[in-house]
Amino acid sequence: MPRFFKRVSKKAGLSPGTLVHVGKQKIEKPVITVISYSEKHFEKRVAGSVSEAVSAIKPGKTVWINIDGLHEVGVIEEIGKKLGIHLLVLEDVVNTAQRPKFEDFDKYMFFVLKMLNFDQESGTTKSEQISIILGKSSVITFQERPGDIFDALRNRIEKGKGRIRKSGADYLAYALMDAVVDGYFSVLESFGDKIEGKETGLVENPKSEELQEIHSLKREMLFLRKSVWPLREVISGLERSGSRLISSKTRLYIRDLYDHTVQVIDTVETFRDMASGLLDLYLSSLSNKMNQVMKVLTIIATIFMPLSFFAGLYGMNFNTDFPLNMPELNWEYGYPALLLFLIVISLLMVFYFRKKNWL
Amino acid sequence: MPRFFKRVSKKAGLSPGTLVHVGKQKIEKPVITVISYSEKHFEKRVAGSVSEAVSAIKPGKTVWINIDGLHEVGVIEEIGKKLGIHLLVLEDVVNTAQRPKFEDFDKYMFFVLKMLNFDQESGTTKSEQISIILGKSSVITFQERPGDIFDALRNRIEKGKGRIRKSGADYLAYALMDAVVDGYFSVLESFGDKIEGKETGLVENPKSEELQEIHSLKREMLFLRKSVWPLREVISGLERSGSRLISSKTRLYIRDLYDHTVQVIDTVETFRDMASGLLDLYLSSLSNKMNQVMKVLTIIATIFMPLSFFAGLYGMNFNTDFPLNMPELNWEYGYPALLLFLIVISLLMVFYFRKKNWL
Amino acid sequence: MPRFFKRVSKKAGLSPGTLVHVGKQKIEKPVITVISYSEKHFEKRVAGSVSEAVSAIKPGKTVWINIDGLHEVGVIEEIGKKLGIHLLVLEDVVNTAQRPKFEDFDKYMFFVLKMLNFDQESGTTKSEQISIILGKSSVITFQERPGDIFDALRNRIEKGKGRIRKSGADYLAYALMDAVVDGYFSVLESFGDKIEGKETGLVENPKSEELQEIHSLKREMLFLRKSVWPLREVISGLERSGSRLISSKTRLYIRDLYDHTVQVIDTVETFRDMASGLLDLYLSSLSNKMNQVMKVLTIIATIFMPLSFFAGLYGMNFNTDFPLNMPELNWEYGYPALLLFLIVISLLMVFYFRKKNWL
Amino acid sequence: MPRFFKRVSKKAGLSPGTLVHVGKQKIEKPVITVISYSEKHFEKRVAGSVSEAVSAIKPGKTVWINIDGLHEVGVIEEIGKKLGIHLLVLEDVVNTAQRPKFEDFDKYMFFVLKMLNFDQESGTTKSEQISIILGKSSVITFQERPGDIFDALRNRIEKGKGRIRKSGADYLAYALMDAVVDGYFSVLESFGDKIEGKETGLVENPKSEELQEIHSLKREMLFLRKSVWPLREVISGLERSGSRLISSKTRLYIRDLYDHTVQVIDTVETFRDMASGLLDLYLSSLSNKMNQVMKVLTIIATIFMPLSFFAGLYGMNFNTDFPLNMPELNWEYGYPALLLFLIVISLLMVFYFRKKNWL
Amino acid sequence: MPRFFKRVSKKAGLSPGTLVHVGKQKIEKPVITVISYSEKHFEKRVAGSVSEAVSAIKPGKTVWINIDGLHEVGVIEEIGKKLGIHLLVLEDVVNTAQRPKFEDFDKYMFFVLKMLNFDQESGTTKSEQISIILGKSSVITFQERPGDIFDALRNRIEKGKGRIRKSGADYLAYALMDAVVDGYFSVLESFGDKIEGKETGLVENPKSEELQEIHSLKREMLFLRKSVWPLREVISGLERSGSRLISSKTRLYIRDLYDHTVQVIDTVETFRDMASGLLDLYLSSLSNKMNQVMKVLTIIATIFMPLSFFAGLYGMNFNTDFPLNMPELNWEYGYPALLLFLIVISLLMVFYFRKKNWL
C-alpha cells in the first residue's frame, strides 16, 4: 500500500464538497461516544444516533462527541447538517489523505491532525487522521478507528484531575492536541534508540542488510516530516488567531504546545541528519573494507606471481647438455640456492609493504 | 524535443504584444465551444465564429467559451479585440512556453495553468497549457487540444449537480482550476507507485537499466516541480487579491484549492527526496555488490596462488641426483605428503577468511 | 582570462567616482549614434561629438543616444557633465565588472544589464555589459562594442511597428531591456539542447571527455546564474519604484518583463539541477561499468586459477616408481579423465556464477 | 543513554502542568543558596527551607536564589506557589528535555538555557539545563547539579567588581546568561583544535579509526546546533521585548550578548562545514590510496603474467624429436636468448607504464 | 594557530566591559597618528600621548586619529574615557575575535571590519581587525599593526584629490570602509586565478597533492565567507540607519559600497561552488582512472590466464605410451598447432574486447 500518497483519484471529477471516504475502512460500524461534563458533573455514554449525540450539547456543559469510523459518510453528513458545518470541512474529515490543517470559521474551528504510531515489527510508522471541530461549548472529534491515545485524557476528565473540568471546550481541544503531540514523542524515542543503536557496529562490519535498514530509516524520517511540519503551521495559526472561542488562559497552554511541536520538528530534522550520517558512515566503511580486501589481494599477488614465475622458469625443458642452458639445474646446491633466493624476495616484498604501511 | 524549455527564440526581436504561437500544432482547426447556463437554463453548442461565441455573453447567464487549438492567432486576436483583452495577455495565451501565472486586470482576471498527463508507455509527464480569462459573468478558456479533463465538469453543469448552476463565473473558474489540480493527483499517484515499486529489488540486484529509470524519475520530478511551484503563487495570489470578481463564498473554495496545491507541492518534494534516496540506494548496492565480487576474487586468488606455486616448484627440473635438490621427489610418500600440505594450507586460508568475516 | 571575476584591482586606492575602464577594449574608437523620433517623425545619425549628440534632446521627441565603446573615459565624462549624471553612475558605466543593478536618481534612472551570447565553438557564454540611463524624454545606452541585439528594435522604431513610436522614453528603455532578456532565452535554448543531448549516450558508455563537458556545463550554469539573479532584483525594483519617469501603461509591460526574468531564472535553476544529475549519472554509469569489468575478471580468474593449478600438479616430477606418487600419470585414461574433471569443474563454476546472477 | 532525545514518554497522558522530573538525578538533595546584595551590602548563605530563601526577597536589594537539583519536585512546587509562578513554567524547569526558550509573563520572565561542557575523555559534549526566572528585584536559577560556571560571577558580586553591584536583577540575569554563552566558546575551542588537528595526517594515511572520529565530530556538531540555534531566538526575543523588567542600560549589554550568540552559531556552522569537508577528504584519500594499490597490482600482474606464460610454454613436453616442436629447447643459446627476451619484454612494459604515468 | 576561532576563553568569567586583548601582539608599542584637515588646511603628525591626539579635535576640522597596536589596553581605555565611548565598544575594539558589526550609539557610530590579505606563499588568507568610531567631526580607527591599505587614502587627503577634503568625517569613514572592501577584490582575484588554473590538468591527471590543495581552497572559502557575510549586514545597517551623522550626499556613496559588498559575497559564493565542483571533478577523474587501470588488468588477465593454462596442460607428465594421454605431444606439428591455437584465442579475446569497447 502506498504510504506516502493515498489514492485520492477516485475523487477526481466530483463536485467539491462531495463526501468520499479516502482510505481503508478500519472499523465495522461507526461508534459515537458522548462525554458531557461541567465542574461538578460527568456523564459518558455511547449514542445510538446522531440526533441523540447532538442533543447532548446544552449550555453550561462541555460536550465532547467522538466518532470512530469514517466510512459511513451518511453519519458525517448528518452531523454536519445538524451543527451547520461547511461541506468542505466534512469533505476533509472523510478524506484521510488530508494534510494537517487549521481553519477558523468564526463560529467553529476545524483542525486536522495526524496521530502517529510506531510499529515495532515492521519498523514503520503508521499514521491515522484525527479531525477536531471546536464549537462554543462542544468538541467533535473524528477518528478512523477507536484508539487508546485519549484514554488517559478521558480518565482525567472522569476523575476531575487537573484543570480540565474547570475549563471549557477550548481547553479540551487543546488537551486533545497535546495528547497527539505527546504521542509523537514516543515515536521519536523509538527512532532515537534505533539510530543510536545502528552506529556502533557499522564501522567494523558494514552488512548489506543494514543498507536496507538505513534507507528505510531515511524514508520514515521523510514520512514523519510530512506529518509534523504542517502541524507547526496549525498550532501557530491557532496561537495567532484572535478567535473568541479561545480564552486567554488556554492561549498560554497553546503557546506551550507550540513549543513542543517545535521540539518535535527539531528532533525530526536532527534525526534526518543523523540518518544521512549513517549512510555516509556505511558507505565509508564499505570503501574502507574494499580497500583492505584489495590490499590483501595485491600483497598475495605481488608475492606469489614472481615466485611462480621462477618456479616455472626452472621447469622449462631446455637441453641442459649445452652449458649455457640453465646450468643451475645441474648444480649441487641449485635447489637450496633457489629456495633461499625465493625466500629473500618474499621477505623483501613484505618489508616493502610494511614500509608502505600496507600490511 | 526539448521538454524543459520550449523554443521561444522565434519571438526574439518582435514587438511585445505580437501574437506568435509557441509550441506544436496539436489540432487541425480551432474549435470554439460555448456553454451558457443559469440555475434553470443550460445550453451547449459549437460556435461557427468568434462573433457568434461572444454574442452568447448576456446578463443573467454564466457563459463558458472554450477554444481548443491555439495556432490560428487570428481567432485569438479577434476574441481579444471583441472582449477588450490586453495584447500581452493574448501573447501569453498563444505562447505555450508560459509559466503558470495570475494577473488581475480589474475588469478581468487572467490565469495560466499547466495540465499534466502521465504517459504510461514512455514514463514521462506531458504538459499542456490552459489559459483562463475570468470576466464578470463569463469564463474564456484556451487549450492546445481538446481534452477530457473537463468532461466531468461539463457533465455536472449539464446535470445541475452540486453548487455550480447556482454559482457564478467565479465558481466556474474555480471548478476549472480544481479539475486541473485534481489531475495532478493522479499523475502523482503514478509516480508514487513507480517509486515504491522500485525500492524492493534494488538492494539485492542493482541492474544498470534501473539507473536510467531512476535518473528519468528524478528528471520528471524536476519537470513536475517547474509546473507546480508557480501554481502555488497563482492560487495564493488569487486568494489574497481583493477583486470584486470573486465572491466571498467562492473565496472559501479557493482556500481549499490552495490547500490542495500545497499538498501537491509537498508530495512532489517528498518524491524528489525519495528519488534521490533511490539513487543513493542504487549506488550503495552497487558498492556492496562490488565488494562481494572483490572478496570472491581475493579468496580464490589467495587460495590458488600459493597452491600453484608449490605445484610449479615440484615441476622444476633440478638434477635430483644431488641429495639436496628436491629430495621430496624421490620420497615414497612425497606426493601424498604434498597433497596433504596443500589441503592444510587451503583449509587454514579458508579458516582465516572465515574469522575475518570474508567468507 | 578569468571570466568569473574581472580584474578591478587597478581601481584600488583611487578616489570613488574616478572613471577607470575595467575590461578589454573591444572597439577602436567610441561611436555615438543618435536616434530621435516622435509618432510622425524619425531621424537617425552618427554624431561627431558629444555636444552634437546631446543637443538632439528636445521636447516632444524621444531621443536614444547609443555609445559603443567605453575605453575613452573622456567621452563618458563629457556626457555625464552635459546631462548632470552623478560621477558614481559614470564609474559604474565604464567598470564592466559591475553587477546588474538599478538605481533611481529621481531625475533619471540608471540600469546595468548583462547581454549574454552563447559561443557555439567554445561552448561558453560571453557576457557584455550594457548601461541604460533613462531620462524624461531620452535614453542613453552604453555598450562595449557595437552589437546587433538591438537591430530589430531600431527597425521597429524606423518602420513605426508596434506601440513604440507612440510611446515615450520609458517604453524605449523597457524595449531595450526586453531585447536583452530575449537574448537570454536563445542562450538557454542552446544549453537545453546540449544537456538533453548528453543524457542519451551516458548510461551505456561513459567517456572521460564527457566528464570535462559536464563540468564545464555546470560552470556555465554558475556563470549564467551570476548574471541572471541580480537582474530579477533590477526589474522588480523598477516595477515597485513609484518613479514618475515610468507611465502606468509601461508599468504593465515591465510586469510582463519581470515574468520573463523569473522564467529565465527558473530555467537556469532547472538546468543546474539537470547538470548535477548528469554528473551523478556519469559517476553511476562508471561504477556500473567498473562492476562489470570486475565481474569478468573474477569469472576468468575463478575458472582458470583452479584449472592451472591442476595442470601444474600433474607437471610435477615426483618419482612415479612409488605407487602413491601420482599414479594417475600412468593410467591408461589418466589424461582424458583429468580433462573431463577440468571441464566439469569449469561448468560447475559457470553454473554457480549464473545462479549468482554474475554472468 | 540517548543524548539527542531524552525520554519524556513517562509524561504522556499526564495533565499539562504536572511536575515530572525528566532526566537523571545528579545530586542527592537539592541545595538552595541565597545571595542578596545592594551597592554596599553583600550576604550569602545556604537556606534550610524554601520559605527562608523566599523571605530574603526585600525591596532595595537584589536577591539571587539558586537551586541545585531538580528531582524533588516538591521544592520546585513550593517556590512556584510562594512566588506566583505559572505551573507550566515549573513543568519546564523540571523537564530537562526542554529546548532553550524565553517567555515573558509580564510580572516575571522565564529563560531556559543549556550549559555545555566538553568532556575531553569521551570527546563528547555534555549538556545541562539551567532555568532562570527574572522578577522585579530577584533572580531564581535552577540547575541540575552544582556547577562552577557561576563561581567567577559570585566572586565578582562579592568583591563588588564591575557594574554588577550597582545594577539590578536584570543585569544579574544578563550576567548569568553571559557566563553560559562564554562557556560555549571554550567548548568550541576544543572542537576547533580537534578539527584542525585532524586535517594534517588525513591525506597521506587515511585510517579507519579516523572515520569513526570524523563521524562523531559531525554528530557533536548536530548536538551543539540543537542547543545553540534556539538560544539565538531566546536572546533576540529578550532584546526586542519591551518589558519594563529590563532597564535601558542593561538592554545594551543584551545586544552585546546577542552578538556573541550569533558568533557562536556562525562558528558552529563553519565547524559543521569543516567536519563535512573532513569526511570528503577522508573518502577522497581512500579513493586515492585504492587507486595506487590497484596500479601496483596491475603493474605486477601485467609484467609477470606474460613472463609466466613463456616459462610455462617451454615447460611443455612436446616430442622434440620432430624439428618443428620447440626447436629452441635444443639450441645452444636457447635459454640465454629466452632470458634476454623476457627481460626486454619486462623493460618495455615498465617503459610503457612510465609513459602512461602509472609508475 | 587556529584560524577559524581565536582563543577567547581567557575572557571567560570576567566582568563584561573588561578590556582584554584577544589575539597576538603584532607591534611593539602602539602608535597614534593624527591627521586633521579642512578644505584648505592639512596637518599630519604622530601624537605622543592620548591627550595630545584628542586635543586635535576642533570644530571646523575633520580629524582622523589612527591607533596601530591594540595590546596596551590602557591607551584604548584612555581614549574611551576622553571621548565618552561605551566600555562594551572598547571591549570589542581589543577583542580581535570580533565579528564584523555595526552599532549606532546616537552620538557616535561603531564599526568592526576585517581587512583581508592573501599570502601567496602559504596560499592562505590572513585577516586583521579594524575598528572605526565615527563621531561628529572625527574618525578614530584602531588597527592591530600599521598597514599600507590606507596609504592611498592618506595621499588623497594630503593632495586634496577627489571630494574628500570638501566632505566631512562621514565621508572619511566611508572612504576607509571602501578601501577595506577594495582589498577584498584583490584577495578574490588571487583565488579566482588559483581556481581557474586548477581545472585544466585535473581531468587528465588527478594527482594526490591536488586533493590537499582543493581541500584548502574550500577551507579558505569558508574563512572568507565568515568575514564577508556579516559585512553586508554592517553596510546595509549603516545605509538604513537614519543617523544624522551621515549626510545625504555620503549616503549615496554608501549605497555604492553596499553594491560592492554584495558583489564580493556573490563572488565568494560562486567560488565556493567552483571549489566544490573541483572536488567533484577530482573524484570523477580518479574513478575514471581507476576504471581504465582495471580494464588493463582485466584484459591482461583474460588473455594470459587461458594461455598459461594450456601451456601448463602440455607440461603435465602423463605417460604418453598410452595413446589417449596427450597424443598431441608426439605429433609432428603438435607445437606449431598449439601456438596457432593460442594466437587465435588471443586474437578472439582482443576482438571481443574491442567490440565491448574496452580496448
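Descriptive notes on the structure:
Just so it is clear, A, B, C, D and E label the chains in written order, and each chain counts residues from 1 on its own.
Note that a contact is a pair of C-beta atoms (placed from the backbone, for glycine too) under 8 Å apart; a residue touches a chain by one contact, two chains touch by 3 or more.
Remember, predicted model here, so these are calculated numbers, not experimental data.
Looking at the partners of chain B and chain D together, the chains they share are A. For this pair, chain A with chain B, the centres built from the Cα atoms lie 25 Å apart. If you average the Cα atoms of chain A and of chain E, the two centres end up 41 Å apart. Residue positions 287, 290, 294, 297, 301, 305, 308, 312, 315-317, 326 of chain C each touch two or more of the other chains. In terms of inter-chain touching, the protein chains here make up one closed cycle, each touching precisely two others. Round the ring, the chains follow in the order A, D, E, C, B when counting starts at chain A and proceeds to chain D.
The residues of chain C lying in touch with chain B in their complex are 151-153, 156, 161-164, 175, 178-179, 182-183, 185-186, 188-189, 192-193, 196, 199, 203, 252-253, 255-256, 259, 262-263, 266-267, 270-271, 273-274, 277, 280-281, 284-285, 287-288, 290-291, 294-295, 297-298, 301-302, 305-306, 308-309, 312-313, 315-319, 322, 324-326, 357-358.
Within the complex formed with chain C, the residues of chain B that make contact are 2-5, 7-9, 11-18, 86, 88, 97, 99, 101, 103, 205, 208, 211-212, 215, 218-219, 222, 226, 230, 279, 282-283, 286-287, 289-290, 293-294, 296-297, 300-301, 304-305, 307-308, 311-312, 314-317, 320, 326, 328-336, 338.
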